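Residue numbering begins at 1 within each chain, and the chains themselves are lettered A, B, C and D in the order written.
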Amino acid sequence: MNTFGRSFRITTFGESHGQALGVVIDGCPAMIPLSVEDIQPVLDRRRPGTGPLTSQRAEADRVEILSGIFEGKTTGMPIALIVRNTDARSSDYDSLRQVFRPGHADFTYQEKYGFRDHRGGGRSSGRETVGRVAAGAVAAKCLARIGIDIYGMVEEIHGVSDPRAMEEEIRKAKGEGDSVGGVIRLSATGVPAGLGDPVFGKLDAQIASAMMGIGAVKGVEIGDGFAGARMKGSEHNDPMDTTGFLSNHAGGILGGISNGNEIVVRIAVKPTASIALPQKTLSVSGDEQTISIEGRHDPCIVPRLLPVAEAMLALVLLDAFLEQEKYRNFKETRI
Amino acid sequence: MNTFGRSFRITTFGESHGQALGVVIDGCPAMIPLSVEDIQPVLDRRRPGTGPLTSQRAEADRVEILSGIFEGKTTGMPIALIVRNTDARSSDYDSLRQVFRPGHADFTYQEKYGFRDHRGGGRSSGRETVGRVAAGAVAAKCLARIGIDIYGMVEEIHGVSDPRAMEEEIRKAKGEGDSVGGVIRLSATGVPAGLGDPVFGKLDAQIASAMMGIGAVKGVEIGDGFAGARMKGSEHNDPMDTTGFLSNHAGGILGGISNGNEIVVRIAVKPTASIALPQKTLSVSGDEQTISIEGRHDPCIVPRLLPVAEAMLALVLLDAFLEQEKYRNFKETRI
Amino acid sequence: MNTFGRSFRITTFGESHGQALGVVIDGCPAMIPLSVEDIQPVLDRRRPGTGPLTSQRAEADRVEILSGIFEGKTTGMPIALIVRNTDARSSDYDSLRQVFRPGHADFTYQEKYGFRDHRGGGRSSGRETVGRVAAGAVAAKCLARIGIDIYGMVEEIHGVSDPRAMEEEIRKAKGEGDSVGGVIRLSATGVPAGLGDPVFGKLDAQIASAMMGIGAVKGVEIGDGFAGARMKGSEHNDPMDTTGFLSNHAGGILGGISNGNEIVVRIAVKPTASIALPQKTLSVSGDEQTISIEGRHDPCIVPRLLPVAEAMLALVLLDAFLEQEKYRNFKETRI
Amino acid sequence: MNTFGRSFRITTFGESHGQALGVVIDGCPAMIPLSVEDIQPVLDRRRPGTGPLTSQRAEADRVEILSGIFEGKTTGMPIALIVRNTDARSSDYDSLRQVFRPGHADFTYQEKYGFRDHRGGGRSSGRETVGRVAAGAVAAKCLARIGIDIYGMVEEIHGVSDPRAMEEEIRKAKGEGDSVGGVIRLSATGVPAGLGDPVFGKLDAQIASAMMGIGAVKGVEIGDGFAGARMKGSEHNDPMDTTGFLSNHAGGILGGISNGNEIVVRIAVKPTASIALPQKTLSVSGDEQTISIEGRHDPCIVPRLLPVAEAMLALVLLDAFLEQEKYRNFKETRI
């Protein structure tokens, strides 16, 4: 299942070392001004090779728009976006062809499909997110029209939350041939009350699915999340007065529907699976091996997941907005 | 959206104080022996009024099978199950007609629909889960055939994890007119490797959606979850040898696909929103009010969510199993 | 797959001789006045036993609303409707348990499920349409609010189109222990231009799916249909002037999108499969048999399919309307 | 909605005069040998400019595989295929920018989206089918593995069915600046009994949707179709003996499920809308005009629709096969 969304649907494709990565966006409103300039800067944010602490793979990641735009505006037709792979040094991965890297999807893809594109993890690679981020940029353009704004930040790396200490944790892990994880906090402002559908299309359920669908994410919280499970009702409930809600423990969602407050989401990102330290594993043929993964790997994937998580939140919110619009006519014409 | 699942699809209906609650199950395999006896005991587990610490609403919750069964076996046709509401004292709720209860969906339903069934929260009530639990019992019957077993437990109440201390926390909250939340741990054994679809149908994304779609759930973790975000790669990765995985930090899922290990899920349940303590809120017409919610409420909803969470996990796993089966023929006939 | 629709979704359930038949409607706009009185008269139109030329099964078909209505209005929550079976003389069908009736789904259900509810055809019975017709009545109520009106008529029975001759054909077939088919013409007025989505959600494709999904329907035409395939472009194209379209060979749909003209659909209904005349067939165990089907059967099903076809057209049009509304905001706020 | 299918899902994109046309196939079984050589010949069949009676647009239509293939075999990941537009003489269409061509989707796209890519009809062009045909070639490759074969033929052009007379009708229409329609007959052999789902996923409903979703198709018949509506039950029912069905009036489908017989489908194709003869129409600004459409148009689109219709039938059958496979395990392990 490579399609996400009900009204604003994206279908992504492409592997780490294939010809190209991309996305088809279906259900985009017509007449939205859109060009490469709206998408490229967002893609550049998730690009590898942009800092000393990220993977050194040097991909230009130039996006090309294949369809759905006419004279600078969306037409309502599917928008196909592709990014060609250029710096795909597949031979780097020859040694990994016959082995399952711990913490990676190698074993599960092999079990599921009986076969896998081992080069850079194939489609289980972080490069798969190129299509999501490109689509997220289009969604963000639409959301701007209705006043919704999304903001994400790295809140924690390896348990520390001071920016300089976070950087130090990454540097230390890199030096040790190890890796670290962290926590991302996302928020959305300007979200009108009423988005999200009971009971299986809850806004928080859609967000949870979107976030947990990002590789390396192992936890999702709305509002106070797990901390809320340790509170009393009198602490967690958000009282209201005529100025609105007086707190936001709920993270902007009640009964699965946005309440007009800021949407607050936190996600747990596991440490990068690829590490240089030796690990016990199996070969495809079932023999025990010790593996030490060399190559161009991020000691911490958290910062690069930020634009991906923002993109997914944008996709969910635009989708929920379009879903809710269906009933506009009936709501307005009530007697 | 009141339908959940792709291959094993359930559609639930009904309100706390309506005529009946129920579910239609579509996509159930044929020729599975099924009767009321398979469903009633599971419903009884989630029933109110069964202990001193739960709501005193005395519903018999007798399930009736309306369709899809012939001579004691499923036919492959939709299975409709209903439970009539009997002890619905709607007049208890008259005082709540014009007010938004803090922490409840009253405000958001009103905003979304311009109108709501205020009696007992209508469809946002915990009673809505009757349909899910009934469907989960059917799914569990199917899962038993393929060797998958699901087990849930209350791991924590208001921050404590000793069973007796947990009970004490609930009792104390009740005495204070307050409420407490907690954490549920779910596990599934016997899940074959290969379930779950990259990239948007990941098994963990489906689980996250299912869990966050339960009222009062505000957080979901797979495996080590947020704790994993504070680990190093060398700690979090699960090494393998010929006996299998040597640890299970991943919670049985790699790259969104089950790896054959135990599936481990944790969910954060917020404290019950209905409390006797006075709270600031608004009336439907926008006036400030102080509310104190009397009536038959659970000081802690966590134990009663257990069968709901188990049901949702059963639904996700059966659905993922059926989805994977599609490719059996092609997998077997490879040259 | 017992669910139809994207925005206005119906899920039907029930068998000819089961406990009950019904439907769950999901996605109905809120605050539409709705009661049993809106649904019962439409159900009465499709009821058996209402004329000398229809099946003598005497079902009252009283509809009960289980959910989704509060104080006489829809709430936006799923509307569950059920109709209990009362005159189900299952023993009439004992002789058919071991045999495949020609022209019926007996053989294919057995092949697909390895098992079937043989009583009255189980779910392949025409009684399955009770749920569709009930849901169609709800859809029609919504369509009336936006000025869309649907009208169906029997255009042809066994090749003749004069009403008195049609009746005579049915009478004659009945006398011979045989059956006849016919053609239904449906139209919808007040449909605004712009409904239907290119390229796989075309309005005509949705209609074709809805119509061919009715048991016994073997052909669907939009506008001139097959007659149009024998025309020239200069004859078939509908010219326009300032008064609108000057003809309607297209049946109100161009490129899969409504053009504001009347929607015109024709469907071919095969002759009733159950006939008293002897036919060659097989038993479940594979032996050759001659079968003569006695019992309460319609010599012509066409008039009773009329409300079913109208219901399906109503469902498609309301669904397409809601789908199109999604983009209202973006259309209105264009700069 | 540019996605078709449930298990084998295709999403097409692209306009007549955009950068490229294409398709993303999601849900293809893994390890199927696949290369450009499997797809290109099928695309060549639908290509314009290949005969004196077809459009003279000279597109090479070279397909490129962007993803989903590794070492010559499918991986189970999405397969993205693109075809670049090369001979897109957009300026040919400048005169059509401000006018609605009769019989085309110009008017309805303008109404729906408020805006359209007028060049060659944009996405409503027949060129949109490139993606479908490419996907159909992949589906056909899979179907071959399970013994299903599809065959289509032009049965009728402008009411005549002799091949030489058909060609003459096209030539005559061309000479007159007019166009003609026709009828295509499709059949599928080797389809196992049991494909198709009651009640809304009927195999014939899926086929009807697929066929009516092809531009210019205005009618669909299964088996005897409209002719069957003029028969008696004793004529239309297909009797069985131990050798199987003795006739095939049902076209291989009973109760929406394949019966093992040949699947037979007929579709009505309207005459090409673009004709040189003068026609009354409106400009975008609402003025009356007379239009005469010059340029590279087919006087009869029927032969070029043949590979498109075959592709759509292949997609439906493969999808239905995969859907049915879900239940294999439960069917085989019955006690």
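In this text, a residue touches a chain if its C-beta (ideal position, glycine included) is under 8 Å from a C-beta of that chain, and two chains touch if they have at least 3 such contacts.
Because the structure is predicted, anything quoted here is derived from the model rather than measured.
Ranked by separation of Cα centres from chain D, the top chain is B.
Across the two interfaces under comparison, A-C and C-D, the one joined by more C-beta contacts turns out to be C-D. In whole angstrom, the spacing between the mean C-alpha positions of chain B and chain C is 36.
Here the CA centre of chain C is 25 Å from the CA centre of chain D. A separation of 43 Å divides the Cα centre of chain A from that of chain C. Those residues of chain A in touch with two or more other chains are numbered 1-3, 12, 27, 30-31, 76-77, 112, 114, 123, 198, 331, 334.
The part of chain C that touches chain D in the complex is made up of residues 1-4, 6, 12, 100, 102-105, 107-109, 111-112, 114, 123-124, 128, 156, 158-159, 173, 176, 178-183, 193-194, 196-202, 204-213, 215, 218-226, 228-242, 246, 249-251, 253-260, 268-275, 277, 279-282, 286, 288, 324, 331, 334.
On chain A, the positions that touch chain D within their shared complex are 1-3, 9, 11-15, 18-22, 24, 26-27, 30-31, 64-70, 73, 75-80, 82, 112-117, 119, 122-123.
The part of chain A that touches chain C in the complex is made up of residues 7, 27, 29-32, 76-77, 142, 145-146, 198, 321-323, 325-331, 333-334.
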